[in-house]
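Please find the structures below.
Next come two complexes built around chain A: one with chain B, the other with chain C.
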Partner chain A sequence: MIEIGLPKLDEYLNGIPDGKTVLFHIEPGMEESNIAMHVLYNNIKKGIKGIYVVSETSLKNVERKFAEYGCNIKEYDIIFIDGYSSLIGAPSDAEYIVEEPHDIRCYEDVLLEVFDKVEKGIVVFDSLSNLMDMCGERDALEGIERINNEISKAGHNGVYNFIAWPYKESILYRVRRIFNAIIEVKSLDAIGRQVMEIKKHDWGNGEGKKIEFKIFKPDGIRIYIPKITVIGPAKSGKTAFIKALSREFTSVDRLGTTVGIEHGIVDYKGYRAEIFGIPSYERFQPLIDKFGSSSMGVFLVIDATAPHTFQQAKEMLSKFQNLPCVIVANKSDLPNALSKEEIKNRMSIDAPVVEVNSVSKRGVYEAFEILANKIMECLNAG
Partner chain B sequence: MKEIYKKIINDLESKANIEGACIVSRDGLLIYSNMKDVHAESFAAMSATLLSSAEVAMDEIKEGVPKIVVVEGKNRKIVAMGAGPNALLAVVTKSNIEEIYEVLEKTAKEISEALGKK
Partner chain C sequence: MLAKTGIDRLDELLKGGIPLKSNVLVYAPPFIGKEIILKRFALAGLKEGEKVIFVLTDKSFADLREEMIKLDKKFEEYEKNGMVRYIDVYSKSVELKEESEWAIFVDSPVNRERIASSIFQIQRQNFGKHRIVFDSLSTLIVYSDAKAVFRFLQVLSGICKRMEATSMFSMTRGMHDEMEVQTIKHLMDGVIEMREEGARFQLRVQGCGEVISRHWIDYLLEGEEIRLTGAFRMGRVA
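Right, the complex of A and B next:
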C-alpha cells in the first residue's frame, strides 16, 4: 500500500493498494504538471523503491526538479529508465536506456527486465501524453495496458502524469479504461486555486471527492486552504492564537491592539492554510468586509473567562454565515474559565467549541484539524 | 495563467527599475510573485491591507479611489496600485514614482485584462 501524500485525498482513496495504477489527468497549462513526482518523493522517503520512466526531459532536468523540492535523488533508491536521451541522440548516465523511444514495446522490454529485479516498487511515468505523442496514441495505450497488467501481477504501483490535451473522445475513453484510479487536476480560477477530484476509483467509493491543493517550493504539495479568517472580541487573544498556530506570522499591533490585518501561514499534517486575523474594533469594519470575503472558514476566538463578551462575538459571526466555524475558547486554563459545555449553552451557536490555551498551545492544532475537516466537508458538499 | 503573469512582470522589469513585484488579489491572496528573500504571502496580505486601508481613508474624505499608495523607506519604496476590481500590483523599487508611474499603470491594466480572461 502506498499513499499520495495528501492526507484527505489518501483518506478518500483509502490508500493505493499494491498492484493498482493511478492516472493524474492534468489540465494543460497548470502551474506544475509533474504531480507523479511528488507522489514518488512521498513514497521513496518511506523506503519504497522508485522506478522513474523519463520520456520528455533529460535526467539532469529531472534531478534539478527534485532538488527544487529539497530532494537529492542520489540519496534515494530510484531506478531511472531513460527514454529521452536516445530521442535527441545524447549520451545517458541512466542504468536503463530505451534505445527506440518511438516504440512502446522497447519501454515494455526495459520495464519487464526491471520488474524481474525489483520486489516492490512505485513506477512513475512522466508522461503518458508524451509516450502517446512519441509512440502513437493507440500503440502507446495498448502497451501501457500490458505494462499495467505486469504492474498488477507483480504488486507494484503505477503513477502516471497525463496532460489532457484535446485528444479524440475514443482515445480518452481508452485512457479511462486502463487505470484503476483517475484523479483530475485542474485550476479553479485566475487567482491560481487548483483542485484534484477523484474521477475513477475501482477499489473504493471516493469518486467525486475533491481537495484544493497547491505546490510550494521547496515544501512540495499541500492541501491548500487559501483563507481562514480569525475574528473575536477585543482582548480575546486572537493574535496569540494565530501566533501559536502559525509557522510564519506577521502582525500589525500598536499599544497591544491589532490595527491591521494579521497574517499567518499554517503548515500542519499535509495542510497549508493562510490565516487572516481581523481587528475587532468597529472602526475597522471596512477591513472585515474586504478581507472576510472569499474566506473558507472562521475561527471565532472568545475569552473563556469573559462571558459578557459572548454576545458581541455572536454578532461578529453574523457576517460569516454559512461558513464552517470553530469556536476557540481561549484562556481556558485559567481558574475562572467557563467549561466547553457552559460556553456552548451560552453561545447557542451550531459550531464545535475547542478549549485552547494559546500560550501552551493546548488545543490549538485540535481546533485547526476540526475546522480543516469541516472546510473539506463543505468543499465536497458543493 | 502563471506564465502570463510571469510575462507581464518580466515586461515590467524590462521597462522600469523594479527590485521585485507581486500580483495580489484584492482580499490579500498571493497570485504571483518574483520577489526573493521575502515571505511573499505575508507581503501580499500586507500590500492588500495598505491599498484597502488607503481606499477606506480616501473614501472618508470623499476623494474616491486612490491611484497609488507609496510607502517610502530609507532606501526603497513599496508601491501598491489597483489592477482592476479583483487584483493589485505591488512593487519594491528605488525609482522615483514619476519615472515609473506610467509603466506601472500599463502593467496594472494588463493584469486586470489577464484576470478577466479566465
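Right, the complex of A and C next:
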C-alpha cells in the first residue's frame, strides 16, 4: 500500500493497494505538472524503492528538480531508467538506458529487467504523453498496458503523469481504460487555483471527489485553502488565535489592539491555509464585505467569558452566510468561561464550537481540522 | 486592428499588418532572412508599447539580446522596463550558465509542457496586449513529431488568443516533409513563405486577412534589412 501524500485525497482513495496504477491526467500549462514526482518523493521517504522512468528531460535536470523540493536523490533508493539521453544523442550515466526511445518495447525490456531485481517498488513515468508522442499513440498504450499487467502481477505500484493535449477521443478512451485510478488535475480559474478530482477509482468509491492543492517550494504538494477569514468581537483574542495556529504571522498592532488585516500561514498535516484576521472596528466593515465573498471558511472567535458580546458576534457572521464556519471559544479555561453547550445554546448557530486556549494551543488545531474538513465537504458538494 | 510587421513594404502588402491575435508562420529555408522578419516584428511591437515573449530553441537569450541591441539600441531599455521576456529552451541543454530575471529556462525541446506553462506563467502576470516570437517550431518537431507539436500549438494558440497575443512562429523549409508542414499550417491564420528562386529572393503571403497580392514578390536582403522590391499594386503584379 502506498499513498499520494495528500491527506484528504488519500482518504478518498483509501490508499493505493499494491499492484494498482494511478494516472494523473493533467491539463496542459499548469504551474507545475510533474505530480508523479511528488508522489514518488513522498513514498521513497518511507523507505519504498523508487523506479523513475525519465523520458522528457535529462537526469541532471531531474536531480535539480528534486533538489528544489529539498530532496537529495543520492540519499534515496531510486533506480533511474533513462529514455531521454539516447533521444538527443547525449551520454548517460544512468544504470538503465533505453537505447531506442522510439520503441515502447525497449522501455518494456528495461523495466522487466528491473522488476526481476526489485521486490516491491513504485514506478513513476514522468510523461506518458511524451511516450505516446515518441512511440506512436497506440503502440505506446499497448506497451503500457503490458507494463501495467507486470506491475499488477508483481505487486508494484505505477504512477504516471499524462499531459492532456488534445488527443483523439478514441485514444483518450484507451488511456482511461488501462489504469486503475485516474486523477484529473486542472486549474480552477485564471489566478492559479488548482484542483484534483478522482475520475476513476476501481478499488473504491472516491469518484467525483475533489481537493484543492498547490505545490510549494521547497515544501512540496499541499492541500491548499487560499482564504480563511477570522472575525469576532473586540478583545475576543483573534490575534492570539491566528498566532497560535500559524507558522508565519504578520500583524499591525497599536497599544495591544489590532489595526490592520492580519495574515497567517498554517501548515498542518499536509494542509496549507492562508488565514486573514479582520479587526472588529466599524471602519473595517467594507473589508468584511469584500472578504465574505471570496473566503472559503470562517473562524468566529468569541470570548467564552463575555456572553454579552455573543449577539455582536452573531451579527458579524451574517456577512458570511453559507460558508463553513467554526466557533472558536477562546479563553475557555478561565474559571468564569461558559461551557461549550451553553455557548451553543446562546449562539444558536449551526456551527461546531471548539474550546480553545490560544496560549497553550489547546484546541487550536482541532478547530482547524474541523473547519478544513468542512471546507473540503463544501468543495465536494458543489 | 492590425499588428505592424516593422517592414514597411511588407506592411503595405498586408494592408497595414497582420491581424491582431492571429498566429502567423514564417516558413523559409535557412539564411534567407526568416529571422529578420521575426526580429523586426518584435521591435515593431515594442515600439508600439506591446510586450514581447521570445521562445528560443536554437540560441540563447543572451545571443538574441545582443542581436536585438545591434538592430535597435533601445532594446536594452525595453528589456529594463520589463517589456521583454525570454523562454530559453536552448541554454540549459548546452550548459550555458548566464541567467536573467527576464528569462525562464526550459531544459529540453521535448518538454513542450514546460514551454506552454512558462508562456502562461508570464501571461498570468497581467501581461496585456503582447507579441510572441517563437523560433523555431522545427526544433520541436525534430525532437518529437509534427502531430505532437500540432496538439501543443492547438492548446497554445487557443490560450494566446484569449490573452491577446499576436504570434509569429518560424519553421525551416527543407527540414520537414510536406505532411508535417501542412499539419502545422493548418493551425495558422497566415503564412509568410520565403524562397530562393535562382538568384532572387521571393516571399508570398497566404492567409493573414486581406492582402494586396498573394503572388511571389521579390525582396532584397541587405544586412539586417529586408526590402521588398517586387511591385504589387493591384492589377500590376510582378
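To be clear about the criterion, the second predicted complex is superposed on the first by the 381 of 382 C-alpha atoms of A that agree within 3 Å, B and C clash if a C-alpha of one lies under 4 Å from a C-alpha of the other, contacts with A are read in each partner's own complex, and residues count from 1 in each chain.
Please note the rule applied: a contact is a pair of C-beta atoms (placed from the backbone, for glycine too) under 8 Å apart; a residue touches a chain by one contact, two chains touch by 3 or more.
Please read all numbers here as calculations on a predicted model, not as lab measurements.
Novice: Clash or fit: chain B against chain C, after overlaying the two structures on chain A?
Specialist: By the criteria stated at the top, chain C and chain B clash after superposition.
Novice: Would you sort A:194 into first (chain B), second (chain C), both or neither based on which partner it touches?
Specialist: After superposition on chain A, A:194 lies in contact with neither partner.
Novice: Once chain A of both complexes is superposed, is A:180 in touch with chain B (first), chain C (second), both, or neither?
Specialist: In the superposed model, A:180 contacts neither chain B nor chain C.
Novice: Give one of first, second, both or neither to describe whether A:157 is in contact with chain B, with chain C, with both, or with none.
Specialist: In the superposition, A:157 contacts neither chain B nor chain C.
Novice: Is A:290 in contact with chain B, with chain C, with both, or with neither (first, second, both, neither)?
Specialist: First partner only, chain B.
Novice: Quick one: is A:31 in contact with chain B, with chain C, with both, or with neither? Answer first, second, both or neither.
Specialist: A:31: touches chain B and chain C.
Novice: First (chain B), second (chain C), both or neither: which does A:42 touch?
Specialist: neither
Novice: With chain A superposed, which of the segments 79-87, 133-141, 169-177 or 187-195 in chain C collides sterically with chain B?
Specialist: 79-87
Novice: With the touch criterion stated at the top, can you tell me which chain A residues are shared between the chain B interface and the chain C interface?
Specialist: 29, 31, 190-192
Novice: Which of the residues in chain A end up touching chain B in this complex?
Specialist: Residues of chain A touching chain B: 29, 31, 187, 189-192, 226-227, 248, 250, 252, 260-261, 263, 265, 274, 276, 286-287, 290-291, 293-294.
Novice: Can you list the residues on chain B that touch chain A in the complex?
Specialist: Residue positions touching the partner: 1-3, 25-29, 31-32, 39, 41-42, 45-46, 48-49, 52-53, 56, 86, 114-115, 117-118.
Novice: Using the touch definition from the top, list the residues of chain C that touch chain A in their complex.
Specialist: Chain C residues touching chain A: 92-93, 107-108, 110-114, 116-117, 119-121, 124, 143-145, 147-148, 151-152, 154-155, 159.
Novice: Can you list the chain A residues touching chain C in their complex?
Specialist: Chain A residues touching chain C: 28-33, 55-58, 61, 84, 87-88, 127, 129-130, 133-134, 163, 165-167, 190-192.
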